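In what comes next, chain A is part of two complexes: it sits with chain B in the first one and with chain C in the second one.
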Partner chain A sequence: MISRRSILRAGTGLAAATTLGAPTILHAQASTLKITTWGGKWGDIMKATVLPAFEKEFKCTVSADQAFPYVPKLQASSKNDPLYDVLQTNSNEQWNCFTEGLVMDKVSVKDVPNVADVYPYAVSDKIVGVTIFTSAIGLGYRTDKGITPPKSWKDLADPKLAGARGSYLIPVNSLGQCHLMMLGKVYGKGLQDLDAAYKALELLKPIKLVDFTGQMEKMLLSAEVNEGVIHDSGVYRYEGDNRQPVDFCSPTEGVVALEQVLSVTPGSKVKQLAYAYMDYMLRPDVQKLLAEAVWYSPANKKVKLAEKYDTKLLTTPEKVATLIQPDWKWYNARKEDIDGRVTKILKS
Partner chain B sequence: MSTTPARLSPNRVPFDAGRAAYIGLNLVLLAFLLLPIAIVLVFAFNPMPYISFPPVGISLRWFDKFFSSSDFMNALWLSLWVAGCVLVLAVLIGGACALALARGNLPGRSFLTAFFMSPLMLPAILTGLALFQSYLLVGIGRPVWGLIMAHTLVAVPYVLRTTLAVLHNFDRRIEEAAAVLGASPTRVFFEVTLPLIRPGVFAGGVFAFIVSFDQFPVSLFLVVPKGETLPVVLFNYMKFDLDGAIAAASMVSILLAIAVVLVLERLIGLKAYVKL
Partner chain C sequence: MILRHDTEPMPAPAALRPSPIAWLIAPALLLFVLFFVLPFSVMAVMSVYSGNPVTNPNAFLTTRHYMRFIVDDADIFHDALWATLKIGFITTVISLLIGYPLAHWMARMQSRLGHVLVLMAVIAPLLTGIVVRTFAWMTILQDKGVINTTLMSWGLISKPLPLMYNEFGTVVALVHIYVPFMVLTLTGVIGRIDERLEQAARSLGAGRIRAFVEVTLPLSLPGVLAGSLLVFALSISAYVTPSLMGGNDVLTLPMLIAQQVGTSFNPNFAGALGMILLVVCLIIVIAYNKILTRLTGEKGLA
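This part shows the complex of A and B:
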């Protein structure tokens, strides 16, 4: 016979077992997790839905910094008491931080169980931390200006596009840096063939250069450029009621990965919570929500997107195979020389 | 070029090439100053999500987006609050420093003047970074009052300079006359000195307010999540959504600056301000 006393005893035992079995949650109770995250629509969804749900589940507070620049702020803070517990940024900056000892290299399945379900590119040797989403860098173009839709990266050099093609200020923008490496691959021996890339850059002049991808989007929308280097999400999001005469091309030579990466700082006082956040961001439901909101390709293989997203984003092993991941460690080591050289080329 | 007076009608003003050049130059300068504002205005009222000319219509959608965004509104109020505090602090500190430097017969006066003006000579981004590191080093984090102190640091030189300019031409015999007539030093200060240096102090206050309200490089390192000033929010917004909300925010900033000047004009009179 089940008495009130036995129920209470069983309940107490269950509560104790649950508590002992979940030290992470206990640890998280009075904690604040300091992270960086993007702004724009991504930031709106994070603040409205994703982060409050995380806070509720893990009984913690998340302090999400959306104000650039993250890396100099992290560099300026103490390594033992870093400004952030989790750094979200692109892969090139992650490598810089790793080289300086500001973030840790890899995450294990033990710490972040959902890592077991990600595509190989998300944890490849080109990645510090773990990739949660990626975009594909290719060519965006106007569909109403009578230009032939591009198929190859070489099409950007079409003389008809003189003055109406766009890319980025290579020293400050990672898409510009990816474009330069792709020029090495397409016109030379590979991503690291800088001489071929420099020569190819000459072919692209005159070219309009911008700092941010947001500016490139607006230049395409206003037809200030008819074709330009851009990530797929910067074009795909103009659909439905927001439809604009622009489209995206994944060049035959491949698209470059623009990864959104999370890494943990070695001095973080709430590492378990940081790993819990990484794991949470890789959950299929969270991935689906964000992917469909901002047109990012989810890193988790198990995510099932709605058809209109599924057809365009990198959601199958075959499509993921077209992704090219640059070696940012290699690039960052020669960045100063590259910056000087490309500035000289594009100024003349 | 010379003209014979006989050929001129009595009412006709002879052509003055120098005056024409002067007016022309002024018009060019005015256009240079106002054209960016005109472009912002066009962008703010244009319904298109990008800069297009000529505008395709008139819309308030970007103003609506700006005023209905909690991020923008929180940032706007924080910027106004910080700028208001900076105005008061900069006027108090800058005014007191100016009086001490002009009247105090302090040793090393030139050095002290250069010291107080030095925040203007250092790139503001370095000031922000240095303060950020200092705050973290002493373990205070990045509180709002830390941001206010940082803005005050870069705003004080403006008040100092404008107040010193007024004090330079100040006739001290007026104060002496008041003292001879029996006024206490406190009364002399509040009833004689302060009204006379008021244009310089207020002009510096206007500068302090605007410098703080528009401050970006110093704020960049000192703002915290959910506590970002308007220029920082606009900068980050531009990285992801470069639409007319930026122009609407700029128009609001410009109108606020004009409002501050008008309020001060009501308080102290624009003539006194301009005379400086």
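This part shows the complex of A and C:
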């Protein structure tokens, strides 16, 4: 028979057990990984497939911030309790964060085993953290406007393209910054030959400048520009049913790497989970899924892409060798001066 | 009886008790402090520090961000301030020229239905985001846009007119975006002006134009002042429209501020630029208010 006393005793026992077990439960609840990730098609796949599978496998929740820019938000948060555990940005921003002590430098094979399988560029001395994908920055062009398909970066200065060529506002866009450094290499002594780059910028006037890659895609598609600086995925994605009269050129002088980089914040309370996420993003199946969805070149050497992707993306050591990685630490240290100079040059 | 009253605790003086009005104002005051005073103070403090004093223990007090603007080695900051004020001024004047006749027409409209329909037409654009409206202007004004393509297909021009990627395109889009603020402000003020005053002026021999210039216009100046300040403040703080419409020809202070926060990761210099923009604007607004006050002989807004 259940007496009032036995119910009370059972209730007290349950309460005690709950109280004693609370830290464990709280710990389980606290396993939230805070990351940054892109929006668009990439973000759709991450939210629909990639992140739920990670949450299930590692019994955690992932809080993904897709609202760019991430670095100012990370700057504003406490270093001991950062807003993100894993920061995904392009390489130039990672270097800013590393300089300020907001992210950690390298990841080891011990923490992230799949790092053993990445191409050397993904963990080179030009990289903070680890590269999970890269795009190639080159020239996109219209195939229906009677222009000669470009072969060199110098072809963008063709007088016939006056007013119909495009690039980026250098102070705000890393592709614009890469383009400036390539001008130094192509017209001068190397990526760091800024005087040659500034002179070459004059040759490109008049030029239409935009502040993000999506806008450049829109300009190419509407023929507002006939040739412009863009990453390969921004052109290759217009294929099949979505085909448009645009193509991509990898200039003979080389393409600049636009890396998607992951790094861990030093104050993260879930570092092992953060490393697990990095490792997960480098898994061949995850890499293949994302690479084929958004036309990014996977950093993992073991990924086998379908033929149509394999022929165009950087999936062999020979193709990867054409990638040029800028020294962002060097560039960021001079950014303010460069910004002022190029703004004056390009203002007509 | 008297003795009992004397020993009872004295009621609190009425002056010490918060009035019901204070309770009503409190939420608004709290919001003002939370969403204006606090962020503004943070911005002001950041502008005189070398880094973020909360997260960086080595941050120190400095005037270098203000000096950087004053010295302007890069030769772009003063130009940006000038461009910001110029675009704000032109946008305000054009908005006033477009908005005043429309507001006057609306205020004097006899048909209630007509008034509602015009009001809806004025308000409707506000229901669409600024980004969308700016993109719409881009499709109209760009080199391969509606206007240039049409004119070229008719053989009227051989190369595109420079309608975008410059100040012209920026001002056109800003005027379209901010004219409703001017119209709505003016309609309220003009609607309250007694029409009989104008009729009296006309019955005393004044023509339509003279009656407007000497009666209606002076009485509507408070609306002109309020509408102009509103449009000016919105125009000089606009970021999206100048960024998308201006190309490399337009660089305003809000664009520079966004650049400093978003890509140079220098919130301290951004704070200093924000303070400078605020101070310059306050000076302009106070001067404008004083001039109009002197013209109307009435009390100004600021």
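Note that the second predicted complex is superposed on the first by the 317 of 348 C-alpha atoms of A that agree within 3 Å, B and C clash if a C-alpha of one lies under 4 Å from a C-alpha of the other, contacts with A are read in each partner's own complex, and residues count from 1 in each chain.
As a working rule, a residue touches a chain if its C-beta (ideal position, glycine included) is under 8 Å from a C-beta of that chain, and two chains touch if they have at least 3 such contacts.
Everything numeric in this text was worked out from a predicted model, so none of it was measured.
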{"item": "Chain A as common anchor, with chain B and chain C clashing or fitting", "value": "clash"}
{"item": "Which superposed partner A:335 touches (first chain B, second chain C, both, neither)", "value": "second"}
{"item": "First, second, both or neither for A:222, with chain B first and chain C second", "value": "both"}
{"item": "Chain B versus chain C as contact partner of A:289, first or second or both or neither", "value": "neither"}
{"item": "Touched partner set for A:76, first chain B, second chain C, both or neither", "value": "both"}
{"item": "First, second, both or neither for A:169, with chain B first and chain C second", "value": "second"}
{"item": "First, second, both or neither for A:346, with chain B first and chain C second", "value": "second"}
{"item": "Which superposed partner A:45 touches (first chain B, second chain C, both, neither)", "value": "neither"}
{"item": "Touching partner for A:208 - first (chain B), second (chain C), both, neither", "value": "second"}
{"item": "Partner chain in contact with A:96 - chain B first, chain C second, else both or neither", "value": "second"}
{"item": "Region of chain C that runs into chain B when the structures are aligned on their shared chain, from 4-12, 22-30 or 274-282", "value": "22-30"}
{"item": "Common ground on chain A, meaning residues reached by chain C in one complex and by chain B in the other", "value": "69, 72, 76-78, 215, 222"}
{"item": "Residues of chain C that touch chain A when the two form their complex", "value": "52, 54-55, 73-76, 142-144, 160, 165, 243-244, 247-249, 251, 259, 261-267"}
{"item": "Residues of chain A defined as touching chain C within the complex", "value": "69, 71-72, 75-79, 96, 100, 163-164, 169, 171-173, 207-209, 211, 215, 222-224, 335-337, 339-341, 343-344, 346-348"}
{"item": "List of chain B residues in touch with chain A within their complex", "value": "48-52, 129, 132-133, 136, 220-221, 223-226, 228, 232-233, 235-243"}
{"item": "Chain B contact footprint on chain A (complex, rising order)", "value": "38-43, 63-69, 72-73, 76-78, 81, 83, 212-215, 217-219, 221-222"}
